[in-house]
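Two complexes, one shared chain (chain A), two partners (chain B, chain C).
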Partner chain A sequence: MDLKTLLSFEWGMMAPEFTILIVAVILSLIDLFGKDSIKKYIPSFAVAGIGLALIFLLFQYGHEEVSILYDTYIFDSFAFSFKFILLIGTLLIFFMVLSKQKDEEITDRGEYVYLLLSALLGTMMMASSGDLITLFVGLELLSLSSYIMVAMRKRNKRANEGAMKYIINGGIATAFTLFGMSYIYGISGTTKLVDISREMSSALGTTEPIATVGFIILFVGLAFKISSVPFHMWTPDVYEGAATPVSAFLSVVSKAAGFVIIIRLFVTIFNTGVEGNETLYSSMIGFVAILAILSMLIGNIIALRQRNMKRLIAYSSIGHAGYILIPIVSLSAMTLENVWFYLLAYSFMTIGAFMVIYILEQSEKSEDISIFTGLFQRSPVLAISMTIFLLSLAGIPGTAGFIGKFNIFVGAISADPAQYILVGVMAVATVISYLYYFNILIQMFIRQPEFEGRRTVNKMQAVPLIACITGTIVLGIFPFIALNFFS
Partner chain B sequence: MESLNIYQNSYLFVIVFLFVALMLPIVALSVGRLLRPNQPTEQKMLTYESGMEPFQDARVQFHVRYYLFALLFVIFDVETVFLYPWAVAYEKLGVFALIEMLIFIVMLFLGLVYAWKKKVLKWR
Partner chain C sequence: MSSVPLQAYLIVALILFCIGLFGALTKRNTIIVLICIELMLNAVNLNLVAFSKFGASANITGQVFSLFTITIAAAEVAVGMAILIAFYRNKRTVNIDEMNTLKE
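For the complex of A and B:
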């Protein structure tokens, strides 16, 4: 390739990715050579970098589709809207990181920040890539950075245990993913998603057994990232061991990226068929539906028994992964919109809940559910914000979580064929989830406090809290702001 | 269809090789057992170690610091592996490959700087 074709690509479309990359590299250099007086500002620089990337991204709103280097990088409305969630989620998590100026357990604060950035870069590459190889590189960039981030609390036993489980499970899942990809490559002979989907639709009859095996293995491998069944067992241990902002990152940004890659791969590769013929995707729907049902039930039922707050949120996030799989099963024109909206709502409410836990965990030095006892008397602000997040997680009208669940519900019923079993299981799982969400409400409002003294929220802690509350309520009352933005 | 058959038939070789690999030790050892005379002495029962008398446990512990050096070595090893074919085919590949290689080397260099600054190269 000569220089002329190289320059003919629209490199400007990659501005958000380049921003994150350059900021991460510069921050790592500052961390190595800078004075301590400058090092203090590393997290603030990172926030500025993400803000800049977000501005670049918003300038691309409504831009036509662009492909760079033969589809290894593609920009379309799908990539745009999911990158928006990824950037917003990471920005909120950085506010969480900023709220705690001194961390005794995490000595390598610089690494902490720029590994978050490189993980974000990996997710963004996953969102806008049309080639199996770049998809996989993005996935690995995210995975490797998050393995290190989980192990960041070096002296903490639980962190070490969590990181060990995470890296071993992650390695197995990666092997599954690659093996599945190799089957797909074996059938189609190309790594470009567009070409693969063409090959798949023309030669489906004879290659169907191999394609089916590839589909199942690939889906099982990717289930690791969204922490749904069968790769869900790492979630509670890792969330418990990791520092709370890292847990929030894994449960929001990493999971959103997992859904991005699943939608990108499965909907483009397997869902194109010759007119009138059944596509492989529609014949494999039952498999995905079973995983969704198992995730919803297992996540929500085991969460009933949890007393550690981070484990509880971890199990509830397994359940939420099951909810988000429903629109992927009941494929229709609304699928992308429903997944996108639920992920946006989910990131606001989950990061908010993690923020409240983070604040309490710092003052009480405990992660047990008893830190919430009598919270309304000790700190009404925290109690009310936690109430909002919990109501949203449970899906009570007036909150973003309700609109998300409602959309998924309607989407699944109006799909062809209507998924009544999935909708029924979702309703049951939601009712089960009320039990443990409302148990926390009981602790906050009715129980007598087990800890002494009032708790105040300082300015830096208020920023992510206010942002999450605003997001949860505004999306709950005016969902059309987000839905119009999406379309 | 044609290509699929070739694809599936290629696994035939894998199965044949798997069979040969499994049978070779089984056949060789069991036939050997039937043919050889069996007169064990103490000297014969020793673990064979090129004529030396075995000493020490077979499991030797290396110092964990070796791994850091080994990792750094791998970085430069991989760099050479990629640089050499690129240098050979430089005339054909042109400017694009040059830029790619520069990015690659800069990234590796950053890694080296990181390791240096974090005192990986010092034996503590």
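For the complex of A and C:
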């Protein structure tokens, strides 16, 4: 490759990724050599960098498909819309980080910031990679950064333990993912997604059992990132051990990235077939459906008996992963739109709920559900915002969560063949989830407060709260804004 | 060319993978668990290199992929050891079954 071909690539398409990369490198250098007076602005620099990347990304709106670096980097509408969610989610999480000026437990705040940025870079590379190798490197960039972020509170025993469980589970999941990828490489002889789908669309013949095994192993490995069954056991422990903004990152951005990679791999590789022939994906749909059903039921049922708020949200996020798997099972033209909308709605409501927990956790020094007792008397603002997020998580009309669930519901019924069992399980799981979401409402509005004094929300804490409330309500009342943006 | 067929390599890799998985799920010592994860990743490398040499459409990509895998596996084990050291400083143990403070 000479200089001329190198320059002929349309590098401008990678502007958002380059921005994040450069900001992360500069911040790590400032953290190493800078004076303390500059260092305290590191999180603000990061927010500015993400804002810049978001602007670059929005300039690419409606741009035609581009693939550079011999198809290893693809820009298409899919990559664009999912990168939008990833950047918005990380931006909100940075506002969460900024809201706490002093942190006794995390002394190395700079590292925290640029690890978040490098994890974001990994997710963005995953969203637009067109090759198994770049996909894997992006995935591992995300995983390794998240392992360190979870372990950041190094004097905290629970954080150590959560991180250790996370890395052991994550290592096994990585091995599974790679083992699946190696089989796929073996039967297709290439790592480029376009070529693999071409190889897969021709008759598989004797290699079909290997392709099936590869499919199952790969899916099991990737289930770790979206925290669905069978790799869901780490979720509650890690969320409890990690600092709250990190838990929010794992439950929103990392999960969105997991869905990105699953859609990219399974829908593009395995779902291309000769017209009329059954594709490998459609013959394996039962397997994915079972995982979706188990995630919905296990997540929501175990959440019933949780008293620690972060564990409760963790189990509910396992349930949500199950909901988002439904459109992937019932493949139709609406699948991408439904997954995208649900993930966007989910980011706003989950980050909002984590923000309320974060504020209360700082003032009460506890994560137990009792921090919510009598919250309406102590701080009506917090109580009402938490109510909005919980109603949205439960899927009550008027909120973004309702529209997301409704779309998934309609999509699954109108798919061919209609997924009545999945829809039924989803309805049951939603009703179960009302029990624990409304229990928190009871704590806030009916119980007498167990903690003294009023709680106020300062300016920095108000920014992410207001953003999340706006997102949840606007998407709930005018969902077509987001849906038009997507298409 | 050697006379060992592709299937033999694949079976060895599968056995290695299963041994690694078994060890990772049952061993008490965290260091052994990390080594078992390495074993699983090495099974992947064996697969990739075997496919790259004897596969239906043999090409060099598999070997490049395995180089990436080796590098990332090294990074992963480094992070794992760092976390383990932080854990050991606080609890003076490396046993998995003593990681039980986080429970419902």
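Note that in this section the second predicted complex is superposed on the first by the 486 of 487 C-alpha atoms of A that agree within 3 Å, B and C clash if a C-alpha of one lies under 4 Å from a C-alpha of the other, contacts with A are read in each partner's own complex, and residues count from 1 in each chain.
Methods note: a contact is a pair of C-beta atoms (placed from the backbone, for glycine too) under 8 Å apart; a residue touches a chain by one contact, two chains touch by 3 or more.
Since this is a predicted model, take the numbers as computed values, not measurements.
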item: Which superposed partner A:F33 touches (first chain B, second chain C, both, neither); value: first
item: Chain B versus chain C as contact partner of A:G471, first or second or both or neither; value: neither
item: Touched partner set for A:G221, first chain B, second chain C, both or neither; value: neither
item: Which of chain B and chain C A:R158 touches, first, second, both or neither; value: second
item: First, second, both or neither for A:L3, with chain B first and chain C second; value: first
item: Touching partner for A:G186 - first (chain B), second (chain C), both, neither; value: both
item: Touched partner set for A:V137, first chain B, second chain C, both or neither; value: second
item: Touching partner for A:Y147 - first (chain B), second (chain C), both, neither; value: second
item: Partner chain(s) touched by A:R311 [first = chain B, second = chain C, both, neither]; value: second
item: Greater residue coverage of chain A in the superposed arrangement, chain B or chain C; value: C
item: Doubly contacted residues of chain A, that is, touched by chain B and again by chain C; value: 186-187, 189, 207
item: Chain B-facing residues of chain A, complex; value: 1-3, 6, 25, 28-29, 32-33, 186-187, 189, 203, 206-207, 210
item: Chain A-touching residues of chain C, taken from the complex the two chains share; value: 10, 17, 20-21, 24, 30, 33-34, 37, 40-41, 43-44, 47-48, 50-51, 55-59, 61-62, 64-65, 68-69, 72, 75-76, 79-80, 82-84, 86-87, 89-91, 96, 99, 101-102, 104
item: Chain B residues within the chain A interface of the complex; value: 1, 3-4, 7, 94-96, 99, 110, 113-114, 117
item: Residue numbers on chain A that touch chain C, as the complex places them; value: 132-133, 136-137, 140, 143-144, 147-148, 151, 154-155, 157-158, 160-165, 167-168, 171-172, 174-175, 178-179, 181-183, 185-191, 207, 236-237, 240-241, 302, 305-306, 311
